[in-house]
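Shared chain: chain A. Partners: chain B in the first complex, chain C in the second.
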Partner chain A sequence: MRFLAVEKIDALLEALARSSSLWVPTVTEDSAGTVIFEAWEPGTAPVLDRFTTLSAKELLLPASEKIFSFAYNLSEGEESIEIEPSSREGGTTIFGTRACDAKAITVLDALFLQAPGEAYGDEQYRSRRLDLTVLTIACTTCDAACFCSSFENGPAEKAGSDVFLYPVEGGWLAEAITDRGRELTGGEPFADSGLEPPGLAVTRTVDIAGLQEKLLEIFSNIDFWQEATVKCLSCGYCTYTCPTCYCFNIFDEMRSDREGERLRGWDACMFSLYTRETSGHNPRPTIAHRYRNRINHKFSYYPANQGETLCTGCGRCIRGCPVGLDIRDVLAGVKEL
Partner chain B sequence: MTDLAAAIDRILESADFVLGWGRDEETGVAEPARFHSTEESVSAVLDSTCVHNLAVHLPRLKDRTVGIVAKSCDVRSVAQLIVEGEVDRGRVKVIGVTCAAGMLDVKAIWRRFGYGARIDDPGDILTVGGQQFDRSEYLMGKCRDCAGAEPVIHDELVEMPGPAPDPARGVPGESKHAPAGGATTLQQKFEAMPAVERRAFWREQFSRCIRCYACREACPMCFCRDVCTMQTTEPHWAGGETNARESEMVQHVRVNHLAGRCTGCGECERACPVGIPLMLLLSEQNRIIEEMFDYRAGTDLKAKPPLLTFDIKNDSWGGG
Partner chain C sequence: MTTIAQTGMKATNPLVPEPATVTEVIVETGNIRTVRMRFDDPATMEDFTFLPGQIGQLGILGAGESTFAISSPPSQKEYFQFSVMKTGVVTSAIHELSAGDCVSVRAPMGCAFPTDDWKGRNIIVAGGGIGMAPLRSLFMYLLDHRDDYGELMLVYGARMPEDLCFEADRLAWEQRDDMKFISTIDNVCSGWDGCVGLVPSILEEEAPPPDNAVAITCGPPIMIKFTLQSLDRMGFREEQIYTTLERRMKCGIGLCGRCNVGAKYVCTDGPVFSLADLRELPDEL
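Coming up: the complex of A and B.
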């Protein structure tokens, strides 16, 4: 493997920032210790010893983004409408994500990276994704919310990463996963090393085998979902911090009487408005209905339709839930039914 | 049997269930729970990790008669909901908790030591993951200048077990200022800022907002919830974009809507995933409301909320 010495990290970050827009985990002042990805600037020391509060998904699926702008013109009785698609420049590099968040990117790929013209192929996602480099920090420790070991490869999951960096004495051992990764780690500031990578964390687990069918079997058991969600507040915390939740809304914002933008922005199935129909009818009228959809989408519908579980065990929905709702308890409850 | 379990059992004689706290075995802290029977009430928990304000559930339970275990500060929310006609006093049975030593900021502790780090809080010295601290270091902001006033309303009264009152925060029941978002270091720093710096401060803060509306959903007084005009397309009062400008606007509308209604419970700030110090806005507004109207939300069932009251005869704002 290759080795990156701790004192060489600035050289690496500078190099990465020259060829792309570079994002690293940082902690902001007066934010109660919130760690989020921010654009790297010279002198910024990435926060690598703590789990990030938000995932890096907004670099692929921004919280809101312009799809196109439009303008209506009326000149000498002639009407015309101008449409200008949004444009994007340059690639993106994420430094310091974790295996669960890198894997989450490939889970989203199953949907958004479908070939152009296929049902869900998405141009904006594709253009960002094909120009994305991910350098992942391997987890040698975890906390009580982590549960990635429930999934096939656990903390050793390499999918979605270009480079896997193992923390070792004095720096990181670098394992190149992709051609892009080999290119990055082939020369300076990386050096050869005969060190062995450290053992990785072992998280708590939840048994997800058979959930895909079981969730459909118990679909009508709304009493179970009511019991499971008595303390849920129906906020968007879990969905918005989740690295795999991708639901969005499309809406127009007018900039003047005749000009505006069509935007796409995050939406959450835990919001009542998400499913309220024009008639006023809401097919998911209660928190229980909404939470059932959230779980079913992750562990039944998405695996059935896209072949991937829409969860990577990052634990953010547990770590930050204002009422301490633990998805693992709910899944265990489903298995017991 | 503990005093709490006995109180819950008595309330259960006339209520469908009681909102309280149980123990999360994995992490050892309290988590919201419902108690329906004597078999269940024995597992009710009361300690310095009972941070949640359970009054948030009351507006969704209007068709039930429910009991609620509520700290003095939480009881203010119950009282304000009654004052505003959102909750029927006859259908809510309050097990008031006098809370002398204050709640721990569990979220801050776990942000620093990792989620689930074991918390032991027997007295003055707080132990987290084997390390010892002065517990005042990790006290909830709102608890810092609260000396633990007696609950405004209660059908049962129990005492929060655990750490003794801190004399520095006054005598229980004689709080100089009931919970309204305590003076923290951040508050002092903020108050020293000139207006220009405050603007920059909030722009920076709201640049982290992801518009998850956890602040709204965790707020007992934000009961519009599903019809919140900050999320509807008709009327389209707030833009749908996620950026500092829109997020700040959304929050100011929420804060203004809470003028004379906020009881300072701090749940919005606790629920915020990205650590925006929302109580700076709300406690300042609460201070202004008190100065202008001599009114503190949720402290008097008979007081008229100044901003929800029309006095056609004496008010001179209209007419002509």
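Coming up: the complex of A and C.
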């Protein structure tokens, strides 16, 4: 493996920022003590010893983004509209994500990178994804909310990472996962090393085997879901902080009388308006219905459609839930039914 | 696997619509208008093909877009149309449209009625209210391919005579002798000398035999519920019954998440489902 000395980190970040837009986990004046991903600039201190409050999901699916801008034109008494799709240039590098969040990117790929002609993919996601480099910090410690060990590779999951960085005395051991990773770690500021990577964290686990079918079997047991969500506020924190939740809304905003933009932004399946129809009918009228759909989407529908579990065990929905709803207890409850 | 139609949609980004211009607005009822339009780009208009049952996103830039069934038949190459009930922000803006106004369209989307599988069979269509919109496209398609099908029957109901859409079509259908058309209203009312009664009751009175037949229904949920019960009593099996579902939709391409029934997305796996298909899905309509 290669080795990155702790004093060489600025040199690495400077190099990464030269060729792409570089994002690192950090604490800012506005982040109220939480660790979030910010665009790196000289002097930014990456915070690598704490789990990030938000994943880097927004670098692929921004919280809000323009789909296109439009203008109404009047020429010789005839109205016409002009539509200008949004475009972007340049690659993105994420430094300091964790294995669960890197894996989450590949989980989203299963839907958003679907090949044209087979199903619809997402062109805005695709344009960002195909120019993305991910350097992941391996987890040697975890907290009580983490549960990635429930999934096949746990903290050793390499999917989604180009480089896997193991914290060691004086720096990081670097394992190149992809060609891009080999290219990045092949030269300076990385050096050769004979060190062995450290052991990785072992998190709490929940048994997810068989949930895909089991959740369908118990679908009509709404009493279970009512009990499971009795304290849920339907606030949407779990969906916004989830690295795999991707649902979005589409809406228009006018910039002047004749010009505006169609935008899309994160939505949340925990909100009643998400599915309420114009007639007033809502197929998922209560929190229990909505939470059931959220869990089923993650552990039954998405696996059925995309072959991936829509959860990587990052634990954010547990760590930050204002009422302490623990998805692991709910899943365990499903298994016991 | 969903078949992807790129016509009328930017091949590069299916969320980006094509500009279209309204050619005509028809006032159908007190709260339903049909808006006819053409894509501004002649090549897009020429290439635009779809099948009955498919849907589109009709938008007013600045107000937003909503999902509607295409209510014109594929054979109509001069224009395509949506029939829209005024209920919310976007549909209210659509009701303000007049000829010459600009709209945005993403279409076609979703799966059509499996009309090829129905060749040689008798077709019974039961529509109610605005639920007639996709069925108009379907029925006109069946008439366009009249020789491919057996007996054709259409029962179309509304609360009051003035709630019935598609007047010109109804008059034409009444004149034809190669199909049976019954329009009905819920209650007796002065000035109406036609059929009175709910769609399911009329169906049971007419009693078309289920052998070698397919029944398609679309309308208010309560009408669908009782129509399905009637069809069951008449001996129709679940595989012989089709409907088209409504859900709140945004993207129309299976990405934004909200229109699922179980693992199926109404926008891409539907909106057309057989009753047998629906029985396989979790009960969350």
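A few remarks follow.
One rule holds for everything that comes next: the second predicted complex is superposed on the first by the 331 of 337 C-alpha atoms of A that agree within 3 Å, B and C clash if a C-alpha of one lies under 4 Å from a C-alpha of the other, contacts with A are read in each partner's own complex, and residues count from 1 in each chain.
FYI, contacts are C-beta pairs under 8 Å (C-beta built on N, C-alpha and C of every residue); 3 or more make two chains touch, one makes a residue touch a chain.
All of these numbers come straight from a predicted model, not from anything done at the bench.
Once chain A of one complex is fitted onto chain A of the other, the partner contacts of A:Tyr237 are limited to chain B, with no touch recorded for chain C.
Look at A:Lys8: by the touch rule set out above, it reaches neither chain B nor chain C.
Residue contacts after overlaying the shared chain place A:Tyr72 against chain C, while chain B stays out of touching range. In the superposition on chain A, contact is made by A:Pro322 with chain B only, not with chain C.
Of the two partner chains placed around the shared chain by superposition, chain C is the only one that A:Tyr301 touches, whereas chain B remains out of contact.
Of the two partner chains placed around the shared chain by superposition, chain B is the only one that A:Ser64 touches, whereas chain C remains out of contact.
Within the superposed three-chain model, A:Phe251 lies in touch with chain B and with chain C [touch as defined at top].
Across the superposed pair, chain B and chain C both touch chain A at residues 249, 251, 276.
Considering their complex, residues 1-2, 4, 10-17, 19, 21, 40, 59, 61-66, 87-88, 91, 100-102, 104, 221, 246-248, 250-251, 253-263, 268, 282-285 of chain C touch chain A. Every residue of chain A that touches chain B in the complex is listed here, in rising order: 28, 30-34, 36, 53-54, 62-64, 143-145, 204, 230-231, 233-237, 239-241, 249, 251, 253, 263, 265-266, 268, 271-273, 276, 315, 318-320, 322-324, 326. On the chain A side of its complex with chain C, the touching residues are 67-68, 70, 72, 78-83, 85, 111-112, 116-120, 122-124, 216, 219-220, 246-252, 254, 260, 262, 264, 267, 269, 274-279, 281, 283-284, 289, 293, 296-297, 300-301, 304-305.
The part of chain B that touches chain A in the complex is made up of residues 24, 26-27, 29, 31-34, 52, 56-57, 107-108, 110-112, 114-117, 186, 189, 201, 204-205, 208, 210-214, 216-218, 225-226, 231-233, 239-243, 267, 270-271, 273-277.
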